[in-house]
Structures are given as C-alpha cells and as structure tokens.
C-alpha cells in the first residue's frame, strides 16, 4: 500500500508523462503489427501523458510548488549535481500541458487520417518518439538532457517529414531540415560543453546559480550558441524556410506537432537560457535582440505567406509569424509581456493545430493543397469549412476568438513598454504587430476564397466531408479556441501568469533543487494595469442580441423568402452573371490575389523570392551567419 | 403599411441596367447624358447599376444582333422581379436601318415582353427621361401586383 | 597540449561548417556534418581530461579525496554524442539515396523544388 | 425588478439609441445628405434626401435570387452579421459623456471590430462564387490593408496623448478619452492632433469604400465586385451597412477628436452628434467624392501608406514628445 502510494505520488508524474510516450513508441515498434493493438497503444500512451500532465496542475500551478526530481535518487555530492534531474516549475508545466493537449488531439486525428498510408507502425513509433522528445525537453532539469531530447525530436521530425516520401519535395524538405537542424543541435552541444567547462555542472538550476556571476568570453559564446541552436528549433528567422518546407511535406497531424509544439519547445529553450541560465533579460540590449528577431520573424514570414500558393506552406509561414509574436512579447521582459506571449503560445498551438488539421482534411479528400486548384469546398465540406473559419478568424485576431485576446495583450505590452522605457522603437513594434495582424487576415481571406468559397472545380464534384473522428479532433481545437478567447481572465490567471511569475523567480528555481539561489539576479517584472478594456463575453452577448434583433427583423420582412434554383439543369436566371456569357468555371487563383499590394512591393517580393533560393547551402550559410552575428552581439553586450 | 411603403419606394428608386445589343453607341451616349448635371435623372432616383442583379429597369439599345440575342435574354432573365424592359432608340423596336440584315435577330419584342419603347435615333434625353419615368410607374404597378 | 586539442576541435567544427556551406555535393554535406560532429566530440573529451588522471572507475571504498581521475561526465556525453552522430549520418545518407532516386542528381543546386 | 429594468434599459440601448433605430435613421440620412451634397457640388439637383430610404425599401420588396453556384447559408447570413457587428461598434462609441456599454471595449477592439463587417461582406461575396466577387474581395482586402496603417497610427497617437495627459502613460479606453475631452476640451484643439485628424478624415472614405477608394465595388469595371450576385433584401442590408458604416466612422472621429462638446442632455447630444457626423461626412466623403476620380487599387495602397500615413506618423511623433 505504501509502495503504491509512493508510486502514485505526484513527484513521479513528470517522468511518467515522458516515459509513457517512449514506452508506447517501443511497444508499437515491437508489437504494432496489428492495427487495433497499434491504435490502442498509441491512444493509451497519449491519453496517459495528458492525464499525468493535467494532474500536475494542482501542485505546480495552483499550489506553486516546484518539483525537483532526481532520477535514481542521485542528487548532489560535494556541492555539484551528479544525478540527472527533472525540474518542473509552472513554466515547464505550461509548455508540457500545451504539448500534451496538441499531442492528444493530433493523435486522435491521426487514427483516421493516416489510415490510407502504408507503414502506420513506423508512423506511430516515430510520432510517439517525437512527442516524448518534446515532453522530455520541456520537463528536463538538465542542459544535456535537453540536448538529447532536442536530438530525438529533431530526428523524429525529420523522419516524419520524409514519411510520405513520394510526395513532392518531402525528402528534399527532410534533408534540408536535417542539415540545418543538426547544425543547430551541434551549436547546442558546443554551448553545453563550453558551459560545462566553465562550471562543471549540467544541472539547469546549478548553472543558473553559477553562470551569471562568472561571465567570461566562453560563457558569452556559449550563450550565442545555445540561443541560435534553440532558434533553429523554433524556426525563427533566418530558419523559417525549413519550417515551410517541412510543413508542406509532412502529414498534417505531424505539422500540428511541429508547428504547435516543436517550435514552442524552441521558445521554451530560449526563455530558459535568457531568463534563467544567463539571467540577462534585465539588459535592454538583450530585450532588443529578442524583440528585433521576433518582429522581423513576424513581418517577413507574414509577407512570405502572402506570396504562397500552397495551403500548408502558407500555414507554415504563418506559424513562424505567430512565433514572432510570442518571441517579441517574451523579449519585452515585463510581466504583462511574458504573460501575453505565453497566452499567444497557447492560442497559436490551438488555432494553428486547427488550421493544419483542416488543411489535412482538404488534402485527405481532394488529394491536393494547391490553392490554384481548389475552390468551392464549402458546399461539399460544410463542417470543415466552419471549423477552418474559426481557426482563420482566430489567427487573424478577430474578436471574440482567442487570437484577438492575446494580440490585444501583446499590443498593450509593447506599447506600455515603449511608454515606460521611453524608447520609440517599441512603438514601431506595436505598429508592425498590428500591420502583421491585418496581413494575416489578408492571407486567410485568400485561403478561404481559394479553398472553401469561390467556385467548385469540376474535378472536385465527388468530394465528401471527412470522417467523424477527424471532425471531432478539429472540433476539440475549435472549442478550445473559442473558450480561451471568451475567458481571457481565466487563462491569464490560471495558466500564463503563474508561468510568467515562474520565469521571474529564478531564485526559487535554483533553491528548489537544493542550491543556494541568493546570488541570482532578480529580473524585475514590474506591475501592470491594462490600458484598455475588453470584455469578450459581454461583447458576444451584445452581438448575439443584435444579431437576433437583425434576424427577427429580417425574418419579419420575409428575408428568407429567396428564389432558389429548383431545376437540376440550371435555369439561366440562377447562373452567375458573366457579362451575359454562359456560366463556366472560372476561379480567381491564389496567386492572383492582392495584386494592388504585391505590385507596390514587387521589389521586396522578388528580393525575398531570390533569397529563399531553396539551396541547402544558403540556409546553412544563414545559420552560420546568424550564429556569427549573435555571437558578436553577445560578446559585446552581455 | 409596409407593402404600401415598398410599393411607393419602388416607383421612386428605379435602378437601370444598360445592355448594348449591337448599338452604334449613339443611344448609349444619350443614356449617359441623361445622368449628367444638365438633365440629372438622379433627382428621380435613377441610378446606373453595375450588375443585372441590382437592376429594376433593363435598357436595351441596338438592333439585337444574332450574336447578342442569347446574352441579352440571359442577362434579362437574371434581373430579379419586378423588372421592366425599356427599349431605347428605334433599333430594338424595328431594326431601324439594320432591318433585314443577315445578322439581326430583332426586334426584341419577339423574344421578351417589352414594357416601354422610347423611339428616336437617338432619342432626346427628355424623351428618355419621360420613358424611364413611365417605366418606373409600370414598375410600381408590377410591384403592387406581386404578393 | 590541451590547448592544441581545443584549437583542433574548433578547427574541425569550423571545417565542417565550411564544408556544409560551400560544397554542392550532398554526400560532402553529410561528410561536413560528420566532421563538425567529430570536432564536438574532441571538444567534449578534452574538457573532461585531467593530465595525469586515472580512469574514473572506483568502488565506494576506493574513492577518497586523494583520488585523481579524469572527469567521467564528458565521457558519457561523448558516447551519447557519437551515437547521435552515427544516427545523423545514417539518416542523412538514407535521405541522399532517396533524393538521388527522385531527382537523379546529388547536386544541391538542382534539388530546389521547394523555394520562394 | 431592478434587474429587469436594467435589462430593458440595455435592450433599449441596443434597439433604439445608439443602436438599431438610431443607426438606421441617422445612417440613411447621412447617406442621403452625402448624395445631395455631391449633387450640389456637381451643380445637379440631386436625389431627395430620403432617397436611401426609398432604395432600401425598394430592395426589400424585390426578389432575392441565390445563384445555383453560391454557398447559400454564408451568402444569406453574411449581410446580417455585418450589420449586427456594425451596430455593436456603434454601441461602444461614446456619445460625448454618454456610453451605452461602459467599459467593454477600447480603441484596439474597435479597430478589430471594424474588420468584422468587412470580413462578412468578403465572405458573402466569396460565397457567391462570382469571379467578379473574387476580384472585388482581393481589392477590398488591399483597401483594408491600406487603411490599416494610418488608422493604427492615428489611434496610437490619440492613446499616447490622452495617456500622458492622464498620467497613466497610455490610454486605449474610449470612455477615458471621452472623459479626458470633457475636462480638457476637444483633442482637435491640440496642434499635435491636427495631422492625425486630417489623416483620419482621409481614412473614413477608404474604410467605407466610397469614392475615389471604391475600386472594390467599382460598378463600371467589375460589376459592383463583391455585391455582383446580391439582389433584393440581402443587397438592401448591405446598402444599409454601408450607410451605418459612414455613421460609425464619423462618430468615431467625433469621439476621438471632437469630444467634450456635449450638453449632458441625451437628446440634444444625439442631435449634436448627428450634426457633427453630417459635417464630417460632408468634408471627408462628399467633398472628396466630388473632386476626385476613382483611383486604381495600387494607387490607393500607395496613397494611404505615404500621403495619409505621414501626417499620422507626424502626429504620433509629436504626441510622443509631449506636444
């Protein structure tokens, strides 16, 4: 009984949450020949992982504990950490919860989505490996273990990118991702090694205790290496082309993980090293670095997305653009900013997951994601259309969906930062963020017109709605999008603010593992008040009343009395107006949209097109150049 | 009461859609001149609509060539009820100088019921306004007959 | 002695990066990755090296404050890193074969269907 | 009992003032005044002021055709959603010292709420399946992008001016902006706000899609673009939305720059607001309409991101340095 109680103590839950995924992976590799066994194993392990993460909410977020867990009870000897540790504070758990939710939904979706592919066993093995890697990385309390988990997830992600290796560009994308991803991993490893050489420890808490007091050239270089290394995992500029390639080729359920979770683990790594390891976020220059990269990411990627004509590739660029928002907000180093950034991280996982699943549904039914070949699917796939629209409106920040709530906080945070620091540069960031938001809307208008509205191409007449399981998975995301949008106070109070508070209490993080944290540099969060007001529930209520009033008035005026085409052959009265000609198929292609905008920026767009040359050497060069610049920067300012 | 209001409004807000069925452009220019400051048909509520779906009155000019006939009929059928058809100039009524030509399918009244004919080559703007005002009146009556 | 190791390690890493950036042959890219990886391994092992130290293999009774041995942690890291390096090489070579099948070339300048 | 009375009061706000009834009457009248003024400026007699009402009721009595290629539900729902969203915006804009729904939305929210009517018309047009609508929605979206930059700059400038005067640094709340103007006089009297007000006056015709920025609904080139397939009551609702949007934007202008003129008596205030809106419309929509020819879409974009944005930016910089 005592043993059982011991085993079920929440202290062990972090490792359980990681291990069930890896166990699932091994078991499927070993016994996954049977389809039913495989599905049950996969579902069991992702559900168990989700449950273990959810059970951690009570101690970690509500009671504010930090779980320090030494594997094999090897802890500290001679003042140095000798064991492998897991350390779960609210920040880690926040990302773990995000990961667990996305993994669960995308796993449910996979069951039917992947049913037409061969090698499902390998798919689930790799899929659970990827999930386990993400989980392990965010819960780890050890820098080297973070590296190993990063390697595992990079590997699984590369393999899954190339999973449909007959699809156009899948293997190419995987190779590019592998090369640059491994360069990033190498950077992380070199950074880890250099930190170890200086401090003789790998434990994050102890590093946080020792590093900030002993800054020298080696640790500064290590900072740059780690920063760029985690940057490749988050796909921030200049690594965004890899994300675009990988998402375009990977199955949609994997894209959900790559965009919703893998990029977040990169962001998590960046937060860990900047806020904890080096405790450098108090420096204005370091804030500048993060905010600059974030703003460039969000703007460059949204413009790149406007120029795309592949559904999933477009979504991939948007995903980096949204990561730019997160990074910008995180880089502000205010309580409001960090909370807003983390809120946006949740929302990004939800709506981008939803959008990728919708894209996957379209691909599953039509066999293509080329925007120039699709159209009019709203009449064939009404539920998918509604779910897609929820996602599209969320990402464009249209109230009352969740994207708006977090963007609203981000604008406030950037503008407040500008006012507090007296730096007009942050004002520019607010403007860029607002413009990016409307450009996001533009590209989703393009998608919804070229995929779901407009005219149905004759060859898509036989398309059907996707199966219930896939719609159910999308429905979960859509519901969460609405809930997190309608109750921003709940989300900030119970998820993002504890996580943000954890990021600002380095001392507690160090002391939770039994080290002396008194020397930790306290980064001041500052207090904040909202400069504006936003009450989504009341707003929605008013909108519903207004809509009801309009509808009643309209129905009273016989608005519903429309003439519909009753005959099958198509009366000319119900044909579209073609200047008098007979109706024929003509759909405005995705490439032709927004000419007025693109024409004015043609120089920019052609420059960008040349820059994203698709040659792996160029991308590798960007990585090296980025490393050189960041290293120079950190050597000067840190 | 609403029915009355709608009926009254229908007579005061007729929107035009102009179809050129092979016209020499004389009537087209005259139709536009009706909207210029000198004649200003807008004071009666007339407006040129861009799409047949918005129109109440279809103004057809030209002798209705064989090429244009199906297009004219299709476009007219796309105008929502109640609608009025006005022929402008002599061509759509009789064929005018083009009568008997191998390519002319007119007159228009062979194919659709025409409500108002405005004769002339080209009709004077005053005549056009008069004809359109008459069409507006017919429109109002048609609306009154609708349920 | 140890300084030479560090110089060599960073030289190898730089050489690997240089290979990846400048060589247009896919196999050479893979070789570049491996070279960088060896550089990292050398760096790791050099960090843990104590001149004159013994191998870090003791029982509890033998271990006291006079024991002088090389740091075991970097050795463990190196082992892991070697394994990962082997995986990278294997995986990337597999992808190269697939790429050659699909594109008929191993020139990176021609493998750019995904761009812009 | 009090709860019911409160609910009734709020229902009254939604339905009567500043909700539906006010929006309907004032918007349509504004539209009529605009048409009359343009006619007068062009030396025409012009339509009667009540012409928009005639148009609306006529359209209500017409047949509504849903094309066979259209997605019926979105096609018919879009106009209603757009109208409802616009009326809700109007509820949040303070009428001098009176705000129907106090403390529920700020200017960033208004900025985004203004997108909803645009999105609904875009979705409706896209659902019709017409290629003209496709071209129209592409242009409509570019117009929205064009207007966004100057509008954002104007709003931020106002937020900064009011915020630094109130000692909080920045202020996004419309009620606070109105309150500030009650005490310190209209913002337009400040030199730093003059360029912003000018920019806002030029943003209004772009946002409402009136001449010369109406490429998205150009009737002569692309057959009214997004509205090409709409007929009957649905079209009428869109026309009504257009009129209400004129009212909303001009009353937003009044709330941002002309606050503090109120008398405190609601009926007089409403009348005053309407008069102000008519004045703003006369300058920003009618005058601009009468003296210009329609621009091309890429010219619109260039115009807004340079000519209109620069004064707004100037204003923001001036506000930043506390002028």
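The chains carry the letters A, B, C and D, assigned in the order they are written, with residues numbered from 1 in each.
What we mean here is this: a residue touches a chain if its C-beta (ideal position, glycine included) is under 8 Å from a C-beta of that chain, and two chains touch if they have at least 3 such contacts.
As the structure is a computational prediction, the values presented were derived from the model and not from experiment.
Q: Applying the document's contact definition, name the chain pair with more C-beta pairs in contact, A-C or A-D.
A: Of A-C and A-D, it is A-D that has more C-beta pairs in contact.
Q: In terms of CA centroid distance, which chain is the most far removed from subunit D?
A: Chain C.
Q: Specify the chain with the shortest distance from its C-alpha centroid to the centroid of every protein C-alpha atom present.
A: Measuring from the global C-alpha mean, the nearest chain centre belongs to A.
Q: Where the centres are mean C-alpha positions, what is the separation of subunit A from subunit C, in Å?
A: 30
Q: Taking each chain's centre as the mean of its CA atoms, how far is subunit C from subunit D in angstrom?
A: A distance of 62 Å separates the two centres.
Q: So how far apart, in whole Å, are subunit A and subunit D when each is placed at the average of its C-alpha atoms?
A: One centre to the other, that is 35 Å.
Q: I'd like the Å distance between the centres of subunit A and subunit B, where a centre is the mean of that chain's Cα atoms.
A: 58
Q: Going by the touch rule set out above, which residues of subunit A reach two or more other chains?
A: Residues 557, 563, 573, 575, 577, 579 of subunit A touch two or more partner chains.
Q: Going by the touch rule set out above, which residues of subunit D reach two or more other chains?
A: Touching at least two other chains: 60, 63-65, 132, 223, 228-229, 232.
Q: Going by the contact rule already set, what residues in subunit C reach two or more other chains?
A: none
Q: Show me, using the given definition of touch, all chain pairs that touch one another.
A: Touch list across chains, by label: A-B, A-C, A-D, B-D.
Q: Note which residues of subunit C are touching subunit A in the complex, please.
A: Its residues touching subunit A are 13, 16-17, 20-24, 26, 29, 33, 36-37, 40, 43-44, 47, 71, 73-74, 77, 80-81, 84, 87-88, 91-92, 95-96, 98-99, 102-103, 108-109, 111-116.
Q: Which residues, counting only subunit B, touch subunit A once they are in their complex?
A: So the residues of subunit B touching subunit A come out as 2, 19, 51-53, 68, 70-75, 77-78, 80.
Q: Which subunit D residues qualify as touching subunit A in the complex?
A: Listed in rising order, the residues are 11, 14-15, 19-20, 60, 63-69, 71-74, 76, 80-81, 83-85, 87-88, 91, 101, 103-109, 111-113, 115-116, 119, 122-123, 126-132, 134-135, 137-139, 141-142, 144-145, 148-149, 152-153, 156, 159-160, 163-164, 168-173, 215, 223, 228-229, 232-234, 237, 296-298, 300-302, 305, 316-317, 320.
Q: What residues on subunit A touch subunit B, complex-wise?
A: Listed in rising order, the residues of subunit A that touch subunit B are 557, 563, 571-573, 575, 577, 579-582.
Q: Would you mind writing out the residues of subunit D in touch with subunit B in their complex?
A: Touch residues, subunit D against subunit B: 35, 39, 42-48, 51, 53-58, 60-65, 132, 218-220, 222-224, 227-232, 235.
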